[in-house]
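Think of it as A, B and C in the order they're written, each chain with its own count starting at 1.
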Amino acid sequence: MKPELVIIEFLQVAALLGLAPAFAGWVKMLKCWSQGRTSPGLLQPYRDLAKLLSKDVVLAENASWIFRFTPYLVFGTAVLAGGIIPILSIDLPLAPTADVIVIVALFAIARFFTALAGMDIGTAFGGMGSSREMMIASLAEPAMLMAIFTVSLANRSTSLSQIVQVIYSGQSVIRPSLAFAFLAFVLIALAETGRIPVDNPATHLELTMVHEAMILEYSGRHLALVEWAGMMKLFLFVALGIASFAPWGIAARGSFSALPGALVYMALKLGLVGTVIVLVETGLAKMRLFRLPEFLGAAFLLSTLGMLSYFILD
Amino acid sequence: MNLTPVDIAGSSVLLLFLMVFVAAVLRNSQRLLITLSFSLASVASLLAVAAGIWTVSGGITSRVVLLMGLPDLPFHLNLDPLAGFFLTVVGLLSFYVSVYSIGYIRGYLGQRPVTSLIIFYALFVAGMFMVVLADDALFFLVSWEIMAAASYFLVIFENEHIENRRAAFLYMVVAHVGAIAILLSFGVMAGLAGGFGSFNSYTFDAMRQAQLPIEWATAAFLLAFLGFAAKAGVVPLHVWLPEAHPVAPSNVSALMSGVMLKTAIYGIIRVTFDLIRDFPWWWGAFVLVLGLISAVMGVLYALMQHDLKRLLAYHSVENIGIILIGIGLAMIFRSFEMPLLAALALIAGLYHTMNHAMFKGLLFMGAGAVLHATKERNMEEMGGLIHHMPWTAALFLIGCISISALPPFNGFVSEWLTFQAFLLSPALPSPLIRLLIPMGAALLALTGALAAACFVKAFGVTFLGHWRGHHKPHIHEANWPMRLGMIFAAFTCLCLGVFPTLFIEWMDIIPTQLVGSKLAASAGAYGWMWLTPVSYERASYSGSIVFAGILVVVLAAYLLLHVRPGKIQRVPIWDCGFEKINSRMQYNATSFSMPIRRIFGHLFSIKETVTVTPLAGHAAFPKRLHYYLRVRDRFWGWIYRPIVELSFWVSRRVGRLQQGRIQAYLIYSFLTIIVLLVFLR
Amino acid sequence: MGLNIAAQISSFLAALVLLSAFGMLVQKRINGLINLFAWQGLFLSINTALVGYFAGKHHLYISSLLTLSLKVVLLPYILHVLVDRLKIRKEVESVVNIPTTMLIGIALVIFSYHLMAPVRELSTLITRSTLAIALATVMIGLLMMITRKHAVTQIIGFLALENGLFFAATSATYGMPLVVELGVALDVLIAAFIFGIFFFHINTAFDSLDVEQMARLKEED
């Protein structure tokens, strides 16, 4: 294992840790602009995290070790996933640890523990958030798997580095199957990261919360870890989409010379995606919980059409 | 003399028979009996495990012909790698459960004598070992019956409750319908091998040599599958499972769910891949479709349950479905002459067999510990147990994570391998199958996600929050033998998840013999850390690095954040200013599964009524609220009730023959004599 | 520009036609339904023009223009005017719920693929892959007519069916003779006018366009 590859790995994880709050801040800034409000600034998430890290932790009397362990686990899985998805370079030593299915499963274990933490304290809000979150997750999984299936059909692999390499090797064709899979992935990403129209990340009304309800009881450094992991999850889902569908700009070889270019491309793409997210969030309203099967059913339909059109049209 | 693995396996069975005698002798000193007999059972199981591991790793096949059995029809025993694998799985869980039982059965001391439990436990485990070792139809069926009968007596151990007796009766009926089907299937195969006039070809060897025409082969396969599916709990023959498994003592439930169902899987694999070796693709599609239906229906039914053991029993239906998915895919690939893919699917199915035995055994042992401590099976009366039973909670959590197919534990490895087998299906030549198999992959993903939801519910409602019942009993942690059994099982789950390549290399002789290809050539090509089933570029997974990676990051975050630790204050729950928050306001099992019940509700017959009694004079304020929910399996109405009614109708008609008058019976005899004289001239 | 690029673009447009067919199947609002129908017509006319260019059949340009004027401009305009004038309720009800309808649609696509597989082996045209999609569009149009309870959706289902047939003609034999095309286009236009008159009368008689109401017309015995 060459030492420069290890350094690239560290640089990528550091970029993830450092830039995920900035991405969240960018999305928040654009949202405020589009709604005619003054934004708190790009660096506000950093200030929030610093504030939370320095505060005391307040725990309910009957919080168990699961409640205290979950923030660390959620943070850990997000960092591990960040070390595997090619963001800056394909040549990561951790890349063969996991393929796309394993990355989805890493997010699943984080969600499992967060749902348990929601049930731990014994209030109605936590249970409600856990129940809704598990329902949304179970409906999103088939659609996600079909999208992965379609992408793996076109690229003959489920390993992300391999997918990027196949796309680079010049087999870029206008494939309707990949277009369908991409649309399905967008819908699923909105569901998994908890954005409008599935869940409102900025709500303060408990009856409209899904993800927020599960982490309602956290405070201090635990809340800092959970919030940071949430920002990283959004960042990573966008990176996953970029790597699977539009990876141009990611460094192909493990050399330092290609990295600054990769960083610039990444920033540009993230900026663009942030704008799209804000357009979607501002243009749509949050859906009623029991309309979500239609939403996720549409995602499943799109990904199935992608898979079918691969066989029918290609 | 040379010691062969089958000798070791045989000695294990003999030791179990010895346990029966010990029970008969020591029946007056129950405490000593429990310790001694279950220790004997543990040793016997370890011997079986040793025999199994030796057989598989060496690829040895060892045989013995016993002098017992009918005259001219002695019993044949055969321990080949497939049997060795199943012997290892059965033996390993039996060892863990036997250790656990030393502690668990002590809970019955002073309430009822456990002698019958111990006798039938020994016979049950011995029966399972013998089924796996059998090499001819007669010994197979004898052992199958011993297994079924012993488990009947175990299910009915607490026979004062009427629902236990009903559940055991249902179990007996379905088991015997299955046994008849298996008998017929062996009859077809043996008859075609050596002619229907003699018993000569009752051995499996003779059946292997036979060349069956395709219609008879299909008949034999369908009969055998029907029989084994009834025992395995495949939809629609699954109705006995959620009735019988919860009422048995928990160690027995662990064995029944964990390994008895696997003997049926062993039967299916043995008949299909070993006895009838060439088959058309639609057999595999049939198995795959039934597996998918069982998986989805099993997990949906499980989500509707609030009895902890019934929930676990329905999950067994789901996991048997997942195993059948792997086997069905292997059959499809085999019938299209694609040995490497068939090996992948078969290994996925077999790995899931081992995984399920481990984590289901662990979960039932945990449920037994909870039952032992709280005397309660209904989840909605429990809560907050994690504070009183920390070991049980942590071990049960490991079982929950494993069954939800989450890394780095073992459930994920077999699901990942099954997904890889699905993703390789575009290599199949038939275009229609190529389009339909990905739908199966989507259904498998749905199953996995619903299983995770169900176990968040099961663990959360049972162990987290506050006690939801009215009167909280004194709750004690499980005693050390119980803990030890669970720790062993949990540790095995972790090893199976973190070192999959080692296990696959050990198992690899089995697909070589059954479908003609090894997987380990590619699976372990990059060393013990990486699992690369087909090729490195295609997909790779390293359980050990995922485990180590999560551990490293968690520790690093913890240490960095505790450099300057802030204070931790413990305060009462935040109650939104309401002040009267009580434990009844928590989410319980019914409320947790409500969204999913709304969405998938039309698959069950659900009756939900809410009756509100208002306060006198104030119509808007309720005085009493009555909520009634009944979720029932539709298969009762579609399949079982019509069959029951038909059989009652037939028996009523036939009952008319019983006139009660002497003349009528004399006329019957007279008519029979005349008919026989006419036809036998 | 090679034939390969032509086949790819044609496939892409076919996928868009299928997507708009599914969109019409799950759409709940009348206005959205009519707009999706217009989009489907647009994709179809672009595809026809493309096939005309690459295969050298110049009469397909006229077909394309005809489709454009009729199905993208005129018919949607007439339908929008109808919906406004008759003050029709703007929501569509369905016999089975939406996820089930989607699953049936997917099953129909798989079935039409399975049916068209032998034809695909034998054909030499650049549009051979799109034949299955055309058949699927026909069947989805029929499904729309069956599972929706609103009279306007019945006609849109009929028009979508006709779209599918037109698409199938283009894929299988590079279009029908021009005379036939003109005749079919005229028939569709007249059918739209007649439907409009019927809607007016039905609405006056029943005060709604729900086809379930027409069950009242049967004789009671």
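Keep in mind that, in the parts below, a contact is a pair of C-beta atoms (placed from the backbone, for glycine too) under 8 Å apart; a residue touches a chain by one contact, two chains touch by 3 or more.
Quantities reported herein were computed from a predicted structural model and do not represent experimental measurements.
Asker: Which chain has its Cα centroid closest to the overall Cα centroid?
Answerer: Ranked by how close its C-alpha centre lies to the overall one, first comes B.
Asker: By mean C-alpha position, what chain is farthest away from subunit B?
Answerer: C
Asker: More contacting C-beta pairs: A-B or A-C?
Answerer: A-B
Asker: When the centre of a chain is set as the mean of its C-alpha atoms, what distance in Å lies between subunit B and subunit C?
Answerer: One centre to the other, that is 51 Å.
Asker: Using mean CA coordinates as chain centres, what's the subunit A-subunit C distance in Å?
Answerer: 38
Asker: If you average the CA atoms of subunit A and of subunit B, how far apart do the two points sit, in angstrom?
Answerer: About 36 Å, centre to centre.
Asker: Which residues of subunit B are in contact with two or more other chains?
Answerer: 431, 435, in rising order.
Asker: Of all residues in subunit A, which are in touch with two or more distinct other chains?
Answerer: 293, 300, 304, 308, 311
Asker: Give me the residues of subunit C that touch two or more other chains.
Answerer: If we look for residues of subunit C contacting two or more partner chains, we find 110, 113.
Asker: Looking at the complex, which residues from subunit C come into contact with subunit B?
Answerer: Within the complex, subunit C contacts subunit B at residues 110, 113-114, 117.
Asker: Can you tell me which positions in subunit C touch subunit A when the two form their complex?
Answerer: 8-9, 11-12, 14-16, 18-19, 22, 26, 98-99, 102, 105-106, 109-110, 113, 129-130, 132-133
Asker: Where on subunit A does subunit B make contact in their complex?
Answerer: 53-66, 72-73, 75-77, 79-80, 83, 94, 96-99, 101-102, 105-106, 108-109, 111-112, 115-116, 119-124, 126-128, 130-132, 134-135, 137-146, 149, 152-153, 156-159, 162, 206, 217, 220-221, 225, 289-290, 293, 300, 304, 307-308, 311
Asker: Residue numbers of subunit A touching subunit C in their complex, please.
Answerer: 173-174, 176-177, 179-180, 293-294, 297-298, 300-301, 304-305, 308-309, 311-314
Asker: Quick check on the complex: what are the subunit B residues that touch subunit C?
Answerer: Going through subunit B, the ones touching subunit C are 431-432, 435-436.
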